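Two complexes, one shared chain (chain A), two partners (chain B, chain C).
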Partner chain A sequence: MKRLNQLPTFRIQYGKELSVNFGQKRCRGLEGDTIASALYANDVRIFGRSLKYHRPRGLYSLDGECSNTMMAVDGIPNVRAENTPAVDGMNIKAQNVFGKTPDFDMMRFMDELSWAMPAGFYYQTLHKPSRIWPLAIKHIRKAAGLGILSPDFHMRGKFDESYISTDVCVIGGGPAGMCAALSAADQGLRVVLLENRPWLGGYFEYRPREYQKGVPLYQRARELAESVGHTPNIRTFKNTAMIGSYHNNLITAFQRGNKSDIFTERYLEIRAGSVVVATGCIERPLLFENNERPGVMQIGCAHRLARNWGLLPGKRAAFSVGHDLGLEAAIDLADLGLDIACVADIRQDSYDSNLAAELEKRNIPFLPGWVAIRAHGSKTVNAVTLSSINATRRRKLSCDTVVASAGMTPVTGPVILPGGKLTYDNHTGFFLPATIPPQMHVAGRLLGLDDPFAIETSGLLAGLKAAADCGKPVENNLKEMAKNQATLPGPTRGTKLVTGPVKGKETFICFDEDCTLKNINQAMHRGFDVPELIKRFTSAGTGPGQGGIPGHNLPMYVAETGESPDRNPKPTTVRPPLVPVYLATYAGSNHDMSKRTPMHDSQVKAGGKMERIGVWNRARRFSSDTSARKEIENVRNNVGLLDGSTLGKFRIFGSDALKALQRVYVSDMSKVAEGKVKYSAMCNEDGCLMDDGIVVKIDENDYYMTASTGRAGQTIEWIRYHTRYDGWNFHMVNLTDAYGVINMAGPNARKVLEKVTDADVSNEAFPFAGYREFLIQNMPVRAMRLGFVGELSYELHVLSSYMQSIWDLLEITGKEFGIQKFGLEAQNILRMEKGHVIIGSESEQRTTIHDLGLGFLWYRNKPEAKTVGAFALKDTEHQKGRLKLVGFKMKESGTRVPKDGSPLVDSRIRGYVCTARYSWALKEPIGMALVDDDLCGEGTTLNIYEDGCKGKLLSAKVVSMPFYDPDGKQMRC
Partner chain B sequence: MTINLERRSPVKLKGRPVKTGIREGRQIVSGYAGAGKGLHIVDLSHFSRWDIQDKRLSRIQPYGDMIPEKPGQIFMDKHLLMGRLNATQAVAWHFSELKPDMPQTQAFTDITDAAVALALTGPAVYDMAEKVCALDLADPLKTPPFLVQGPFSHVPCHLWVLDRTDSGGCLALTCSRGYAHDMVNSILEAGAEYNVTPEGEDIFRAWLGWGG
Partner chain C sequence: MAFTITCPVCGIRRGYEFRFGGEDKGPMPPEESLASETWCEYVHMNNCIAGIQKEWWFHRDGCGSWFTIYRDTTTNQQVENR
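And now, the complex of A and B:
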């Protein structure tokens, strides 16, 4: 197809060619083409097939208002070809086509079966007998639908996000929007301007009609766009579709990236002090038989196709319109070389007589009071039948294009979503905002304005109102601007006609859902009289176009044809997202923020198998052996090093610090002696274990405490919450990341430590449960003698920046004593052999410290009301029917280890396995389980049920704990 | 047995250091090759930071008179930033090459190693920041310097808005040290469109007029 010669409104660049693949066809385009314009330039008229009836579909709005031109692009389904720039090498496929090309679809016979699919078809048929439905649904899904997404499809591209704060957000980059932005920016405010198209200009941008003498509208649009571009406090986002509008002026949108952008799409969340909605109008479809046949298109589509992309919509066109834009487009397109068969205008009068005279000058037949009632042609249009509105006369004209539009309808979604209400306006025929949310203003064509000066002035006025919202003193400017507005033409009278005299069987009110006027009539005959219910019953307006096409016509048609005509029709609801958006765009860049210990890199280098534990990355083990046998045996026989840096670490100080500790710990914290560690637990109000850790006294009213890894983030808030009414003088500092922790454990641990410090670390000078501060090569270390893994252990707390160096020093020094790293799996088994619990593994939300055998931690003589959970601890101490922690071994030797979490059963579930592993020290499987209290006696048999065991239960018996070194000699030596 | 005990920053920036030195056992990079005039990311983790907490902060000696009155305010003077966090808590951040001695009163805690500290300087700092942070750091009603506590790349941070001009700005941030790797990656990713490059501490000092 030959393009027009260079026009000043072109958005394509001659000389910069590209090509896209449409099925087997290679289509040449130009830089600046959308997929739709590139295909159209290559004579592609059928872009896909419709949802139910497999009817051919083609260009209609050029703004992606319906699913007609949704296509699969590079494997991504439902890409809006009208809004997506063509990129060299793109692979494009038509959707819902059974055949090689959309021109020949094997399912086209579905169109002949429309009689079998009346409104509410899904609700009425194929449900009885009920077994048919699963079969039917499978085949319906195969035959119908738009794109197909492969379950293993990987979405390529970079999806970015941005959280923008601004004073004023203007939605719509047409003349009113640009004026609003300039007016607000002139007051020194920060302005964000959103425009769906790749350029600013909207209603003016492509039109050659005069704005003022010698200045066409398109030139005025460019002047305004330049002013916007030169205003530093206006940030313009082109290619950006607004998708949501919420209370407190939160606007969401997404921006499509172009070649120079680093993102494919970017999600925007904009918080504004005030919002101006200048979204203008879209065309209201004219309803007639075959009104969606390829070749039928809106005025803006035909006009912009020529003016922006240099493509005449066809060879011979008939116009059936209800707005002066149609007359203007017919004149311009005729001047550009399109043969115009006639211009039928719904209006008997109220059209612009100057435009009518221009049509006459060009010998274009002008038919006021006439309307299209049928498009002819099996695949694309080849003729149109026109009728007088009163159906007394008809005329059939051959043509390949029907430019059809019933009038305009405002884009009010941004006003409705945050709670604005619309009412029907008889003068304009629009649903206009009657109530607008606070700090939101409307401007431009959305108000029914057509006069260019009135549109611009309404924008300037809205910008000033927004400035006033932001606290700018603009009262006088507002008054003056309102005065100016009053001198300019107000909203123009609009048309109300929805359809000419048609039967409605092939008159589509909703293209996305293949819904006809006949379907609407069927619903109304069934008693549905509210558009919102008819929408649901017929599915009109529930497709990806979100009611853009049927949104105005449906309530109007229902109001006109209902049993008792409604003088106050109500539009149907719209919901975000207002336009289709990829889920990937919503997901954004999805930064997965996790924490690394100071040892992370060296642990990875040493072969550490890293796992995500909460926010932390930790080494599970250092070999592929999942049993971690070597690491375990090395700790039992030599010495091992564990990175325990993820432990929560806190300083708590102040004259009332002890009171705070007494409140949250169950033990008597006044007995924290200098040079000793005190192990204790925190419970919630139910007496259930929340956390455990140690506390040491580092000075008068100054303590250092630890929390479990998982609770590090909450501990400060936990303590603050439980002391919030006391007004105590104490302060806390989170030192979790300030200190790294090295757990050096094993019979040779002391030998290693002695070699790196001058301090006396003998058992006498530094006994079990002791706390010391000493230097390792002039580096201060906080050291604790603990025994979580059941061996002689030192927990060394060192400044994080020194952590790697100290670790390296210990590794080098300990080489002669067989020092090796060990990971979480080894620690898990070592501590289990010792019967030590891990919160979350051996406890759950209902587990008290009594259930775990830790009741000895509870100091009963503290005033009960002062310790969190004390009342409940008293109540549950001897309570029957609780789950208690027990140790178990398998009854028969050679039995494998049961899986963690397996239920224990007899005639019912009696508990579950918490942790079970093979013990290399005992050379047999061992485990810990929470069981009903009547099963916790030593020697009791526990039957373990596992997934897929087919009734064959594993048998274990309760044994005493600890399994290993019950006297604790190893850790105290 | 002795080895050289080296202190390490949690931040690893890819770049060729051209001006380095050792301070307090740490290798410090003062400048990188080819950093250009674009947006820069600077590792400030080695500068001393102290947490100060007391019921009556203004009475703390020394420094009490430097602690700003209201949360969010920053006092800047002689290589020192003092930010007020809440009624009873402030943070002091020292940028002098010589590490000052921390007062030995209970109110002070050395938290230098607790956090990763980064600065972003140059043009488009706040354009980049809004890609990972929903807080309005460019609010014209707030005049720098000021301090905001909130999420940056989903991580709780202290955000020190130190300078903001038409040509760019200087934003420093601190968050838990463990997040260093992911925070730097997140900034580099978000800043890719602004050509973010690593720079040494000199540019940060220069930006604040504290000499190169």
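And now, the complex of A and C:
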């Protein structure tokens, strides 16, 4: 269709063309078009089919308040066509259509069957007998839900997030919102202004009506927007829908990105000192038969189509309205070339007589006290029947557009969500906030104001109130502004009629859920008398629009029928998100922040297969052989190097440091001797193993300790928690990233170390469990003799910046002794051969140190220390029925290795395999398992069940541990 | 999400930054002559007050201190000390 000639209110740019594909149809649009306006310009009238009855649906509000115009765009379902800019090359599909185009839907017979599906149909009909459930489920699933998401669909785009602190947050960029932002900013405050549309201006933005002599409203809107734009302390977010509002002034919203933005959508969380809600009004739908037939639309929709996008809504329109905006739109559209069949107005009198005179001047029939009762036409409107409100007279007029609206309804979601309460206001016919959460203010049309000056002044006033919340001395300004406000017109009297004289069978109160007035009547007939319950039973207002369409009409209708015990209309609740949001937007960008050890790059270069373990990247192995055989054998026969930098490392010092250690470690930490390492464990209150590590004494009241990799993040928190009542004097420093760790292990380890240091590292001078500090080529090293992998080994703690140098030196020096890197997989098998546990592999939430055979670590004679877990350790020491850690081998040779985690069974589950691997040292599979205590005797048979084993159990037997070098000669030599 | 906590060191911060440390139950009773029931009561049982409760919080993404606040569990808002 042909667009109008250039208007000053246009948001499209002539000359900048684009095209989108609607199914098979290529639609040409202009830059500035939304998907909805681009399709409308190409004569698309049916945008989709409704949820239950497959009725045709089209443009209605142009602000995305219902699912009528939700479409699939480039594979993304439920995109709101009215709010989404058209982008060249977009592929758009109508939803809920069974057939090629929404014009011909194979399920449209559902509409004829609507009589068979009363309110609560699914609840009542399909629950008995139960054998029909599978069939019912299949068919309901097929028919239910809006939009199709392909299971292998991959969401593209960049989803950002932003957490903003501000003094004042203004919701709504209309005249009141802009004035509030300006007056708060004028007080020197930081202001965030949120606007759903791509531009500021709201209610003024498209209207040519006079604001003051020679200045139309749209021009005033642009002036205000310009002032806002020039105010550096106002940060404006356009294309931004508010989705949630919470206490402590937290506002959530999301912003759709423009071409120039680096994000597709951005989630916003705004914490403000004060909030101004200037969300204005949406139109309250007028209910009549076929009130959602394509061609029926609200005043703003028809008016903005023409004024913003240059599209006349049709050729001939009938108006059935209840607000002066309708009269104004009819006059303007008539001047722009639309043939107006008539303007029916619900109001008998209280309309603006000047506007009525303007209609008369244009020979447009004006019918006060009349209302539309039926739209005709099977796919789109071709006629409308009007009736006098008292149902005495009727007229049928042919037209292709019905502009229908019962009145206005305020957008109060931001006030209700954090706990504001609404009451019905008889003058405006609105549900108005009776209580408003602290530091929140309302302004503008939402209060029922219509006069442009009154709206702006209420904005200025709210901005000042917000400034007062933020501690600005504005008492006098407030008094002045309140005085101004009092001289201006107050709230307009609003209409209350919901529906003309209709039967209600095809009168839709909720478009999203296909809910008719008849359904509401059925619910009331069944005894549901409160709107909130009727909403649940009929599902009216539970769709994507969150009550935008039915929210006002439902309680009004219920109150009108007199079915409710309470004659005051009771509004239903709304919940966040107030606007449908992509899950991708909520998820935001994926900040996968992992840590790299100082050796990372060189490990990767050496062919390390890196794996993500907790927050760390670690080398699992250095060849494609998943068994890591060469690495293992090299540690047993020569010497290996492991990067153990992920180990948690801490300094704890101060006069009460020892007391803190005694509190959290189960051993007697007063026995930590100089030059020795002390291995111990931390338990929780239940005596369950939380962490293990070593402690060394660096100096008087000064200790160095390690924590396991996965636990390092919580160690300080843990120690401080368990000493929180004591007021002890000690401090902790997390050195995890400051130090790297090299574990050099194998029979040749000493030969390598001797060559790089002048220190005496002989077995006599530096024995097993010893701690030494020395230099390797002037680089200080903290060295410990430990035996996690069961060979002679030195754990070298080195400042991170020296790690690469020392590592390289060891590798070069160790060449003649067969030194090689080894990774986590090799370490895992080496330590298992020694029966050493890894927390989380061999222990779980309920595993005590007794269960693991580590009870010897517990020193019971320090009750004054109040050791965490000590009491439970006493209680569980001989407790029956616990899972105990055992070693096992397979009963028959040649049996394969069972999978980690496989359950152990007889007639029931008796435990599970923790870790099992093939041992190259023993030349057979070995493993560790947690088993019921009556199964832990040596020689007991364990039957292992594996996923998919089809009843064929693997058979193992309990053996003693360690498997390798039980006397520990290798690590002590 | 909307919850804020006033840390004695860092001031008012978003609730995200903190870890909950349970109701304030006072220090662990002495280990000697402690009955299993008393131990269990102390470690595992909570008062679960619907109203204002004193509780421990840890400023995990901040100064790293443990401290107590009063919180109204029915509104999930920090309140002034009674």
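We adopt the following convention: the second predicted complex is superposed on the first by the 953 of 973 C-alpha atoms of A that agree within 3 Å, B and C clash if a C-alpha of one lies under 4 Å from a C-alpha of the other, contacts with A are read in each partner's own complex, and residues count from 1 in each chain.
As a convention for this text, a residue touches a chain if its C-beta (ideal position, glycine included) is under 8 Å from a C-beta of that chain, and two chains touch if they have at least 3 such contacts.
Note that the coordinates shown come from a computational prediction; the quantities given were computed from them, not determined experimentally.
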item: Touching partner for A:P863 - first (chain B), second (chain C), both, neither; value: second
item: Partner chain(s) touched by A:F871 [first = chain B, second = chain C, both, neither]; value: second
item: Chain B versus chain C as contact partner of A:S589, first or second or both or neither; value: first
item: Touched partner set for A:V530, first chain B, second chain C, both or neither; value: neither
item: Touching partner for A:E717 - first (chain B), second (chain C), both, neither; value: second
item: First, second, both or neither for A:R271, with chain B first and chain C second; value: both
item: Per-residue contact with chain A, leading partner among chain C and chain B; value: B
item: First, second, both or neither for A:N248, with chain B first and chain C second; value: second
item: Set intersection of chain A contacts, chain C complex versus chain B complex; value: 163, 269, 271
item: Touching residues on chain A, where the partner in the complex is chain C; value: 163, 246-248, 250, 252, 269, 271, 418, 685-686, 716-717, 720-721, 724-726, 863, 866-867, 870-872, 875
item: Chain A partner contacts - residues on chain C that touch it in the complex; value: 1-4, 14, 19, 21, 26-28, 30-32, 34, 36, 39, 43, 56, 58, 60, 64-66, 75-77
item: Complex interface listing, chain A residues touching chain B; value: 160-165, 190, 232, 261-263, 269, 271, 589, 591-598, 600, 615-616, 651, 653-654, 699, 701-702, 729, 731, 733-739, 755-756, 777-779, 799-806, 808-809, 812-813
item: Complex contacts: residues of chain B adjacent to chain A; value: 1-10, 25-26, 51, 53-55, 88-89, 106-107, 109-115, 130-136, 138-140, 153-155, 166, 176-183, 185-186, 189-190, 192-193
